[in-house]
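The letters A, B and C name the chains in turn, as written, and every chain counts its residues from 1.
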Amino acid sequence: MQPRKLTIPLFSLAVALTLVAGALVWSLPTTAQTGREPKAQACDASTAEQEDLYAEQINKNRIGYGLESGNATVPGPTIEMTEGDCLAVTLHNNTNQKLSLHTHGVDYTVASDGTPLNSSCVRGGKSRTYVWQAHSKSIRDDGSIEPGSAGYWHYHDHCRGSEHGTGGVYKGLFGALIVRASDDPVPDVEPCVLVMIGTTFGLKRAPNTPLCEANLGQRAEFVVIAHGDLFHTFHLHGHRWADTRSGSLASASDPSRVIDNKTSGPADSFGFQVIAGERVGPGAWMYHCHVQNHSDLGMSGIFLVRNADGSMPEGAQEALDKFEGHHHSH
Amino acid sequence: MQPRKLTIPLFSLAVALTLVAGALVWSLPTTAQTGREPKAQACDASTAEQEDLYAEQINKNRIGYGLESGNATVPGPTIEMTEGDCLAVTLHNNTNQKLSLHTHGVDYTVASDGTPLNSSCVRGGKSRTYVWQAHSKSIRDDGSIEPGSAGYWHYHDHCRGSEHGTGGVYKGLFGALIVRASDDPVPDVEPCVLVMIGTTFGLKRAPNTPLCEANLGQRAEFVVIAHGDLFHTFHLHGHRWADTRSGSLASASDPSRVIDNKTSGPADSFGFQVIAGERVGPGAWMYHCHVQNHSDLGMSGIFLVRNADGSMPEGAQEALDKFEGHHHSH
Amino acid sequence: MQPRKLTIPLFSLAVALTLVAGALVWSLPTTAQTGREPKAQACDASTAEQEDLYAEQINKNRIGYGLESGNATVPGPTIEMTEGDCLAVTLHNNTNQKLSLHTHGVDYTVASDGTPLNSSCVRGGKSRTYVWQAHSKSIRDDGSIEPGSAGYWHYHDHCRGSEHGTGGVYKGLFGALIVRASDDPVPDVEPCVLVMIGTTFGLKRAPNTPLCEANLGQRAEFVVIAHGDLFHTFHLHGHRWADTRSGSLASASDPSRVIDNKTSGPADSFGFQVIAGERVGPGAWMYHCHVQNHSDLGMSGIFLVRNADGSMPEGAQEALDKFEGHHHSH
């Protein structure tokens, strides 16, 4: 084994700019601990923000998470955190089979892993608290960057039906987790969460897929999650995004890909914000999986961009009516 | 809903450099309109560059687009735009079923969406003009970056056989759209457009797949598009590219992935330029889908890098002859 | 054809910084040759570092590569290079069918392509030397960046069973190739190489998949490769990485995606380093393909993060025992 090299990346922008502009104050904290003795635990549950989540049967074929008992949905409620937050989510399992809460992206110890492997499932009728931490970006002692927790993540069951939660996921036990950096822009409207599973969005086919809405010029936000066994390509008409952490270009020199179609496999997630109708105007814009037989089976929906004053743009009602008439799920 | 935060990204390169070097003039225009009142329409068709496109039956199983009547091909003609261009493409449907022109990446209103949903198909024997705008990058009033239209995009039918154009796409109604920023390098040879659909490139199997060609040292360009229902991995022997918007690294500090194999699902597209034979020399270099049964079924072809003077390199003719002898399509 | 434009990217960081800070010395060499006359050959085999590789039958269903005769493994040995290296690998085919060594990422001429097309297979009982070059990043005469060879690559057979080596790959003829830039950090422990093929990791299912191990705070390295016909999503619990060339963010302003789940198709490869247990603590952390039926079929394993002193963390032995009890391969 070669000795460990403590390295400062040669072309590091931070370093280069520091050289030319000592006056620039970078707000990145350096971690107090060394790389070899990292903070070994996520945050302290006793001082965390508390949240209750209820896992419940919705109907014969659906189980969902909800913020109140009797209010479970598919997908579950969108949970938002900001870097720096510590969140203790108490999951109440109001079903009669074990299930759990496993999350992506944020920090958690094995006790909050939500897996049979780490004995962190919840039996029917019981509760368990899962602790999640969202940390901000920092520079490690060796000069490398520890990414922050900000991202478009998601949570799901990892215990029901199989040790990977296959039975729970296919019943509807999934939802979005959005973690924002303190300086991330926030959208003007509620995030539109689209979960691609089987040949559905959120276990629904057109015309029952989510209607995403914004007025012309509003900052709208999409969170796209894939689950299950199939691969998908998410496509949005008339709008594009950057294939970055935030979905936006970070600067004029950001070379990242700008796309309107993205391959996603099970448990991938991404998100982005668009200015609704920017340069293309209002209307009923399609979103759909671009796998042809998936879209033909009803894996499509509408992003309705209303006029700036909230009124219905010309032709949009006709498009919505046409969409309503396309029944795929029979 | 939280109030909207007008934010200037903390680590924005543009901002940082502006601080240290006020003398630097960034050519990014700021948009005149605010984020809430974006330019609501794509460009003006009456002053646009005009183009005619003909959709025609090629044979019993193929329909293609062509720039002249009687000249349809699969894939259709590669359309090139530069940021700032406005293009009005009049599609003449010389078949007897409705079809359309739907494009990715550029700006268009719902009238140019090319979908049944937005009543923008063309019936057999009729024509319709689709207006596309390619805009350059700018900084929005809130400090965020609006990406430019530059990219390796594509167009296709969205009306024939299904409301998603499945029947048209599988017959051959697709082609590449390249949008360049004004300072993007242009290739020395015609772009090689490779469309992965079914287990074919452009509905053809080896040895009938496209022969991409360049002389040693020339800047060659590949545009790779996926369509249909399957997922693919495009691999090119002896050459690599960056997983960025342009396929190149933007600077010495660009951390982007450098790859020679890329997963692509239906309607994904990407492109890149390589210096033919750079550090590896001339010869018959394979490109192929790296899904083993796809390549074994004939989803492979050749990038022929000739000597710098255009002559055939040693062994290349033998390789071409060998490739010709591999008949997969019977 | 438009004339070739020799262009200096407008927003190039290198250029901008050069303007504001002439004192900064960039270590990028400019290539002596012009874009039109690139160095046409990989490095000189006679002065290269020499390596022997043996392809051998392991059992009835497995063929592997090994550094010594009698020592073949699946995956084959991890080969490491540093940019600037020239490596001559002599492959000894100790089987009775032709096979080869085809590599991704580094430079090689058609003579080292390892394909039937370029007549570079090795018949049973014979040997052949393949020459690979790893070059560092440079700026071409036209101002564009030639990426260096650094990356998480892989090698495999391209001759056995089909002209694409399908028979060899499915028997086990694959391995990782890691190329480091001179200033890339090196891991504290051996890289953990995980090859997703069929519904296995390295042709094995749980509980026989690789056990990746590190102590809390050590810099661990993962190399993930996909092969065969299926698409996968690699997921690691409790840890994340950046979707960049190195798997790390290059600077505080790097906008790249931070992920814990990645779609990979056949011949895709990526890698990353994590600080074991950073902010999450030690324990038995799962890695698995997140395609639900793949994980349920046994496509999962464990990243064991021990305590900083190498001792077993609380609950980890219990988790390992539980994992051992899950027999999928029967």
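Brief remarks on what is shown
Assume a contact is a pair of C-beta atoms (placed from the backbone, for glycine too) under 8 Å apart; a residue touches a chain by one contact, two chains touch by 3 or more.
This is a predicted model, so every value here is computed, not measured.
Its C-alpha atoms superposed on chain C, chain A is turned by 120 degrees; the angle is given in steps of 5. At the interface between chain A and chain B, two copies of one sequence, fewer than half of the residue numbers in use appear on both sides, so the contact is built from largely different positions. The centroid of the Cα atoms in chain A and the matching centroid in chain B are 28 Å apart. The residues of chain A that reach two or more other chains are 11-13, 16, 20, 231, 242, 248-254, 256, 263, listed in rising order. Contact residues of chain B toward chain A in the complex are 1-7, 9-16, 19-20, 26, 28, 34-42, 104-105, 107-110, 113, 115-119, 133, 135, 137, 139-140, 142, 144-148, 150-151, 162-164, 166, 169-170, 227-229, 231, 242-246, 248-254, 256, 263-270.
On the chain A side of its complex with chain B, the touching residues are 11-13, 16-17, 20-21, 23-24, 27, 183-190, 216-219, 231-233, 235, 237-238, 240, 242, 248-263, 275, 277-286, 288, 290-296, 300, 302, 308, 315, 318-319, 322-323, 326.
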